[in-house]
Every structure is written in structure tokens, then in C-alpha cells.
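Okay, so here's the structure we're looking at.
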Amino acid sequence: MSKIDVSIETDDKPAPPPKHPNTCPECHSHYRDDELERAQWVCAQCGHHFPMRAHARITSLVDEGSFYEESADLHSEDPLGFFDLRPYTERLAEAEMSTGLADAIVIGQGAIEGRGCELAVMDFAFMGGSMGSVVGEKFSRACDSAAERGVPLITVTSSGGARMQEGILSLMQLPKTVCAVEDLHDAGQAMIVVMAHPTTAGVLASFASLGDVLLAEPGALIAFTGPRVVEQTTREKLPEDFGLAEQNLRFGHLDAILERPQIRPTLGRLLRVFG
Amino acid sequence: MAPSEHELRLRERLSRLRNVPLLGGARLSGELERLQRQLDRIQQEPTSDDIWRSVELARHPERPYTLDYVGALLDDWFELHGDRGDGDDGAMVAGLGKLGDRTVALVGQQKGRDIQERTRRQFGMPYPEGYRKAMRVFEPAGRHGFPVISLVDTPGAYPGVAAEQHGQGGAIATSQLVMARLAVPTVACVIGEGGSGGAIAIALADRVLMQENAIYSVISPEGCAAILWRDAGEAKKAAAAFKPDAAHCLELGVIDGIVPEPAGGAHTDHVEAARLLGDSLREAIEELADVPGDELRRRRRAKFRSLGVYA
Amino acid sequence: MAPSEHELRLRERLSRLRNVPLLGGARLSGELERLQRQLDRIQQEPTSDDIWRSVELARHPERPYTLDYVGALLDDWFELHGDRGDGDDGAMVAGLGKLGDRTVALVGQQKGRDIQERTRRQFGMPYPEGYRKAMRVFEPAGRHGFPVISLVDTPGAYPGVAAEQHGQGGAIATSQLVMARLAVPTVACVIGEGGSGGAIAIALADRVLMQENAIYSVISPEGCAAILWRDAGEAKKAAAAFKPDAAHCLELGVIDGIVPEPAGGAHTDHVEAARLLGDSLREAIEELADVPGDELRRRRRAKFRSLGVYA
Amino acid sequence: MSKIDVSIETDDKPAPPPKHPNTCPECHSHYRDDELERAQWVCAQCGHHFPMRAHARITSLVDEGSFYEESADLHSEDPLGFFDLRPYTERLAEAEMSTGLADAIVIGQGAIEGRGCELAVMDFAFMGGSMGSVVGEKFSRACDSAAERGVPLITVTSSGGARMQEGILSLMQLPKTVCAVEDLHDAGQAMIVVMAHPTTAGVLASFASLGDVLLAEPGALIAFTGPRVVEQTTREKLPEDFGLAEQNLRFGHLDAILERPQIRPTLGRLLRVFG
């Protein structure tokens, strides 16, 4: 029996780059950036949903020009002086340079189909969307901003889990974000969650599971423990669609799976319902 | 000898606390006393060897488990079984009993002593059914005003196919939410391994304690080493880097106090270990007993919402 | 023609209600008006043939089902799926939508039109997962102050091995408990078959309505006949004996009002049936909308606790 | 697909009498009444738990002389003028004569190991322990009595389900008793349920499932739908211990299964815990 606990982890090594930067992993079609952008990063051939950067996601959801970003400059400190093969500070700096973001989440005010909302959108490109102090704090501030302004919170998740370079403090972002959601509840506001690929471990085990409505994109991995670890630890044979959104819907964990173009109109409808 | 950086940080936290009116009289003075005591005990930043010793002691096969403490500390214990849905998870125990004159609800992960029991209890790794069992016991505790004690001792939530299919992530999230809502005093103590989401599911409490040689971490040393060092053998190095020991957790403000163990570790003297744990649990509950439920909830959330370091 | 015994009883109930200050102004006057209307409609005690006609119409394969009414009555409908545990029961639908300007949560059993859908929805007989889906939708409804509508249309809860293993009895009991606790207006309407525990699980509501040709009963006519007459073929006799029709349910105080159907039954004109149902639902919710949550709960419980005849 | 709904039913025909009135159905030992009474109606040979009448049960649980019965005279009316092969009124009269009870439940005040409690104990001998208006009303009064006196309620269940001769009013005893339990909750009092054989259908689907603690006797059938009906309706093959207390414990529906002699001391302990 292995004692290895990898239930909350983040593996932020990027997948080996495909030959062409925009090659569909399902059907191997190639696309130019502008083609993909127009198609909301959905493969025109097979429907595969490419990962979407936070700002692109926000643009695809909100009414044009309605987004006002909050707390953009919040940076992670290095509370443990963490150093593995490289220092955490170096990983952070590198991620900031490559993504243009200060951390793995973008929050702010916006409107969808004319109705105000708060948004909290994760970005997997920043250290695998891992949740450390900044993600926890910004998500919590988004809850407060939604509560103060009396609007629902829409959050789009994409995360490998907690950011282990912040040690136990990264685990504490689970109860922290849960408490923020409960404060949002007390303010009578709704939270709508859109789970993009992947939504796993610490993020799934905290705020991502607590929405009034839980939506997911097709094919998204949604699991507390990912398939690789389950297989290694238990030697169980995994079902074909293990951990995918489709399995989660069947087992009652999700309200709906939506193709990306359906997401904005659905959020518009839900904002009317919760308005 | 000059004070260590650790001691300095603890002193700083102490002086900060002296100026926080938010926490209210009783809570604050209890906090101060506790920190002062900790300060008196800890003079050295734990070394890499100290940390690894905690990892080993926290996992010691003869360390007292949840039911050992229940047997030593609670009268009229009655174990509750099942999630009232579709399972009774052996990795999570729950029940009611009397701690002195006061009825409490207790939940906790339970490892096993022999191989049969370990298998039956999944080495203390709960399925969603385990967290649902805990939640359904929180409900009557809240209704009857019973304080809740959780004893945390798990390598993590069970990583398996059925566990995922039954909603492991959602169960851990919801269990925390239910704890955030509880209007009764809640005290959690990590008594062995406080492994990641599997641990925090039952640790969103007014007071979070750790035994001296317990560990509390976002990932196991082996798991961290496998990912960041690409070598599970570097576990000791990983542990030194992410500091799962009680002293560091206290310093980071993640826990509210350290429960002393008998010299040599809790496994060397179960009776004394239980006595020391019992003292801390009683003290924590006494401090919280007269705080109104709404105020407990407010403070509890404010505490967890303050955790994190950013600029 | 002399007034029937049925009419006399209804008149007696009417005059009793005129003297019950307990129910409060708005509720009382609504109740009175409704009863007066019923009285105007019903002049005859239903005969054995009338009752059997209701049984047949309630089960008519072209009768509108829950999702037909949802489609006709609610704007911005969004169906919610799953119990957030381990299943999504097709026999129970749940979701949010707007009834006029008001957001409501709606739950209801759903039969199927064709054989595939019937199988997928277990002929409208929910598993415990179905009741757990309803309960987990009651929670946000209560939090957001959304009135809850339940449309009851089930032969009964699913009688199967897995249903028992997953806790059918406990799920039905708990669903009622959760409804008893809700602090928002709740309106239930039996739109077809209101079969025993499977029906009452979602019918512990402030207002309980029945469509004119719906039936509401502790057991199906066939089941009753099989047990008491030792012959399922005596179903018509059994139905005449236990009187599951709307008029008798109203007379016994079990329901608060009868929702008219188009002449010939709801299946003859889905549009008109939905319009009539919508009027009754809106009226009921309007009457309850301004009553404080605690008062709703108190009245709801007082109402159900008054049901029964003994000496 | 059968449309027969027998999920809540009561079949109050008695089983064909065995040759000797006190023959153990498991091991066929014979007992005199006084032998069984001394043994709390548990077979000395095999441990089989015989059904226990309500007053005998109460005597076996409470401190001697502490029981004070309440609402003993409440009688069922016949709201439907129900008549199948025989009139309901005749069945009622017969049951009253043969059991000496006015209906299928006995309620009252008592004490166990010196601590006050309210008791509500069902009697299967009265029309199969079926729940009609009187059972619902007396159970509800027991809740109120417990609330007023500030003591826990202990209820021992044994029932085939709702009493169909009272038609829809028998179904209404489900929400009625649930509301009574919730009133008890509001008063801050506990309910402890002891499920004896059988606890099924309407009683299981209402108050019996709502105890703070759920206890059962070994071998008790505890099912919403009984094995016969499940088999007939679904043609499923039933597991060996289908619907028995032991299966219910395994599936998480019960807190404990207790041999009859353990029940009184356990209730004493629980009264201290909830006291």
C-alpha cells in the first residue's frame, strides 16, 4: 500500500509542444491563432475545446468593453523560501513573463447580456492553474465584490490543484475560498461555476464544487484525484471516460455540459434567473 | 544565543495579536497565553532532521489513533455509523460522548492496527461516504448545541475509481462548507498525518491544533518529491522544503496551538498522550463555549479568510 | 335536488374555516374563495364510475407531464441535474425558471412519452437519488428565497434492490423533513398519479393542489385490490372504496384546492391545461409571497399535523 | 411494467399459526409464555427475536413502575366508510379485542436508568402495526409531550406501513409525523429510534428514519418496499439478506444493531449523552 498522497498536487510542467503550436490533439488539424480566436478555440473539424487563456475567456463571455479588472497586481510571496530543483520565485517570475499575468486567476466586474456580474477566471497557463495564496485571495475578493455590488459571481476554473510551493498555505486556500463562498451565500448572491479542462484536486475540493449551478465543457477532466494517480496507487482498471465531464454528469456531479458557444447565452439566462 | 528567525516571527505574531481587538477579549487572551507558552517551548527553528523525525513519528505504527483517544477521553461513547445514504466508511469514525460533563460530537479518520483492520479502514483514507458520514453527524451536533471535535489522521482522501464516481471533490468541499456554517464550537486536532484535502475536509474549525509530532501538509513528502524532484526518494528534502511540522504550521498562522506529546512521541505513552490532548481539547472548548453561534461563525470564517501570504 | 352529503361536508368545512383565526387574513380569505368556487363546481358526490374515470385520466398516456408544464409556464428554464452524490435520476426533474417575474425552483416526477424515455425515467418512479436531487435543489431555493413548486406524477417510488440499498425510505423521510423546514413558499400540485410515499416525498407544501382528474392515494387501486380483495382485478372496487379522486381529497382536507382541467381531461388540450395550472400556481404563490418564512413553516406544520380523523 | 404501487401497503393478515404458539421459526424450539417473557422474547437456543407486544416492550425498557401511559383511549374513526371484504370498523373492533389496545401504538412517560424520557412503542399485533390517524396523532403527541417535558423521545417501530383502510389520510400520517419530529427538533430534544421487525413502507419513510440515533434488532426487515413486492415488480434476483437490518447497517442506514438485552443499557447511555 503506497502512502503517497498525491490527491492535491499540481504538475506544472507543460506538455511537450506539438509540432505546430495550434495542432488539435484529437484530429491533428492545424490552425492559425486568428482562426482559433474567431472560433473561441474550438476545433472546427472535431469540436475539440482548446485551452483558453483567462483574458480571451473573459472577452468571449462579457459584453464588449464591460470588463473592469480588479486586484491585477496581487503577487505571490514566497512564504516558505521554497526551493526544489529551482526556486519558487524563479518559477513565478517565469510564469509571469510567459503569461503576462501576476498569478493564475483574473477577477473583475463585467456584464453579460446587459446584466452585471463578477467574474473570476483561472488561467492554466500560469503554473498549471495552481491555487496558492493569490488565487485564494483574489477568488475571495471576487466573492466580496459580487456581494457588495449585489450581483452573481461567475467563475471559470482550470487548475491542476493546490500550489505545493506554498506548502500548507496552499492547502489553506481550500477553507479560505469555501468561507468566501459562504460569505457570498450570506449576502444572498449566487455563484455559477464553469469547469474547463482540467478542474482537479484542491480547486474541485473547494469553491469549484459549491456553485448554485455547475457547468462544464465537453471532455474536461474533473476529478479530485487524476487518472494517472488512481491507476498508480490502486492498480484499478479505469473506465473509458474516467474523470471526464461526461462521467461526472452521469454520476450526478454536474448540471450540464455545454459546448463553448453555448456558455455565454446560458450565463445570460442564468443571470436573469438569479437577477 | 540569538533568537532564531522562527522565534522572531512568533514574537512578531504575538505582538500583532496583542493589537487585534477584532478577536475579542476571551479569545485574544487565550490566544496570547497559548502563544506565550509555545514561545517558551520552541527555541529553535526545526532542522531538516527534526522535520523528518515528525514525519516518521506522525506515521508511527504504534501511534495512538482516533479511537484510542476516544476510549481514553470520552465517557458514554456511542459510535454512529453510515452516511444514511449508501455506505459506512470505516476510514471515518463518528459518534457522541461526554468529555467531562459536556456532550460532544466527534469525527475522525481511523487507520487500522493490523492488516485486516487497515484494509477495512482503507489505511485511514475516506471515501466520499466518510465525509458524508461526518456531515450528517454535524447536523444533530448543531441542532443540539454539541461542540464538535475532529481528530485528523489521514494520508489523504481515498484515490480510487468509486471514490471519484461518488463525488470525492464535492464531498470534501461540502464538508468544509457545512463546517463553516456550524453554529457550535468546533475544535480540530491533527493527531498524525494531516494529508491535504482529505484532512481539511474535517478541519475547518474554530480552533485548529496539532500534536507536537503531527504533520499537516498539502501533499505527502513522497508525492512532492516525485513531482518536483522527479524522485520519490527525495522525500526528506521535500519535507524540509514544504515544512509540514507543527512549529512551522504555527508560525504560518495555520494552527492555533501545539499539543505536547510525551517525550519520544505519542506512541511511547498512550495514556499521557491522551491526557495532554484531553487538556487541550477541554481548554479550547471552554474558551469557545460562551461565544454565540453567529459570532463563532463570523470569527471562524474571518480566521480562514486571513490565511495566505501575498503582496 | 337536495345537496349531496359531499356538498354538505364541504359547506361544513367552509363554515368551519370562516371561524379559524389561526390561518390569518390573507390565507383565510384565499381559502374561502377557493372553497366557494369548488362548491360551485361540485354538486355531486363522485360515483364509483367518476372515480374510475379519474384513475384512467390521471394515467392517460397523452396527459401532460411535468416538463410539458415547464415548457408552457416557465421562462428561462434551466434544468439542474444530479444529486451531487452518485446519480442523476431521470424520474425526477428539477430546475430553475421564471413564472412571470418571479424566479421559482421546480421539482417533479417525469414519466416518459415513448418506451425509451419511459425506461430512462423508470416510468416516473424515482430512486433515492431522485429525492436527493430534489433536496439539493430545495437548498439554494431556500437560500435565494425562490418559491418551490412541485409537480407530483408518480405511481410511487421505485421498488427495486438498488433503491432499497441506497436508502429509499430514509430519502423519502428526509425530503419531507427538508420541505417542513423550508422558509420559502411551497406549492405542490398532483398533476397525474400521486402515488403514496413516492408522491408525499415532494408534497409537504404550504399549498397542496390537485388537478381535477388527478388521483392521490396511499396505494394504487390494483395494489389495494390485490391485498384486500385478493384480486388485482377488483381495482375499480378498491378505488371506489379508498376514494383517490380530487373531490374526496378536498373534502378530507388533504388538499387545499382543485385545479380545473379542460373538459374531457388535460390530455385533450395541453395549452389550456397549462394555462389553468399556471393560474392556480401563481395565485397560490401570490398569497404566500408576503408571509414571513418562520410563519410559513409554522402554518405548514400546523396544517399537516391537523390531518387525520380520530376520537 | 406493472403499474401496481405497493410501496406503502399493509398486509394485516396474520401468518398461519404454527402448531405450538411459541415455536421459534428459526430453530423450532418451543417455549412457554413465562419462559419467553423472562428471556425478553429471545430464543435461548438460536437468538431469534420473537415479536414483542408494546406493553411487554415498555416493561422491558423502563425503570419499574415509571411508565405513565398517555392518550390510551384514542380510537380510529372510519373517515371513508371503508368496506372491502369486511368493514374497517369490524377489523378495528376485532383488533382491539384481540390485542387489548385501541390502536397500533402505545405512548407515555417513563424513565430509563433514572432518566426521564417519552416513549412511543408500536404493536405489530394490531393490524400489522399499520399507521392510520391514531398512530400518527399519538406519535405526534409523544413528540409534544417530550418537548414540553424537555426529555428525549424513544420510539420502537414495528409496522407493515400505512393503513390503507383510511385511504389518503393514512398517507398524510407521513408528513404529519415528520412535522411533529421537526417540532421536536425545534424544542431541542432528541429522538432515538429502535426498529423492530418489521419496519417498512410508510413508517420507515417518515418518522422512523429521522432519529438522531437509529438502532435495530437483529434480523429485522427494514425496507420501504418489501422483498416480495420487489421480486414481483422487477423480477430482480434479491441478495440473501435483502432488506434486513444487517444489510441496512452495511449500506449506512443504521447506527447499530443491538441484541434485545443490550437495548435498555444503550438507551440509558444515550439518555445520558442527550441529557
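The chains carry the letters A, B, C and D, assigned in the order they are written, with residues numbered from 1 in each.
Here is the rule we go by: contacts are C-beta pairs under 8 Å (C-beta built on N, C-alpha and C of every residue); 3 or more make two chains touch, one makes a residue touch a chain.
What you are looking at is a predicted structure, and each value in this text was computed from that prediction instead of being measured.
Using the contact threshold fixed earlier, the set of chains in contact with both chain B and chain D is C. Among the pairs C-D and A-C, the greater number of C-beta contacts is found at C-D.
Using the average of C-alpha coordinates as each chain's centre, B ends up farthest from chain C. Each chain gets one centre point, the mean of its Cα atoms, and the points for chain A and chain D are 52 Å apart. Taking each chain's centre as the average of its CA atoms, chain A and chain B sit 28 Å apart. Remark: chain A and chain C have CA centroids separated by 41 Å (rounded to whole angstrom).
Each of the following residues of chain B touches two or more other chains: 84-86, 165-167, 170, 174. In chain D, 209, 251-253 are the positions where the chain touches two or more neighbouring chains simultaneously.
Taken as a graph of touching chains, this assembly has some other topology, since it is neither a line, a ring, a star nor fully connected.
Here, these are the chain pairs in contact: A-B, A-C, B-C, B-D, C-D.
Listing the residues of chain C that touch chain B in their complex gives 84-86, 128, 132, 165-167, 170, 174. Contacts from chain B toward chain D in the complex involve residues 76, 78-88, 96-98, 103, 129, 133, 140, 143-145. Residues of chain A that touch chain C in their complex: 185, 188, 190, 209, 212-213, 249-256, 266, 269-270, 272-275.
Residues of chain B that touch chain A in their complex: 59, 118, 123, 155-157, 159-161, 163-170, 172-174, 176-177, 180-181, 195-201, 203-204, 216-220, 222-224, 226-230, 232, 238, 241-244, 248-249, 252, 254, 300-301, 304-305, 307-311.
Within the complex, the chain A residues that touch chain B are 1, 3-11, 74-77, 79-80, 82-85, 132-134, 136-137, 140, 162, 164-176, 178-183, 200-202, 204-210, 222-225, 229-230, 233-234, 236, 238-239, 242-243, 247, 251-253.
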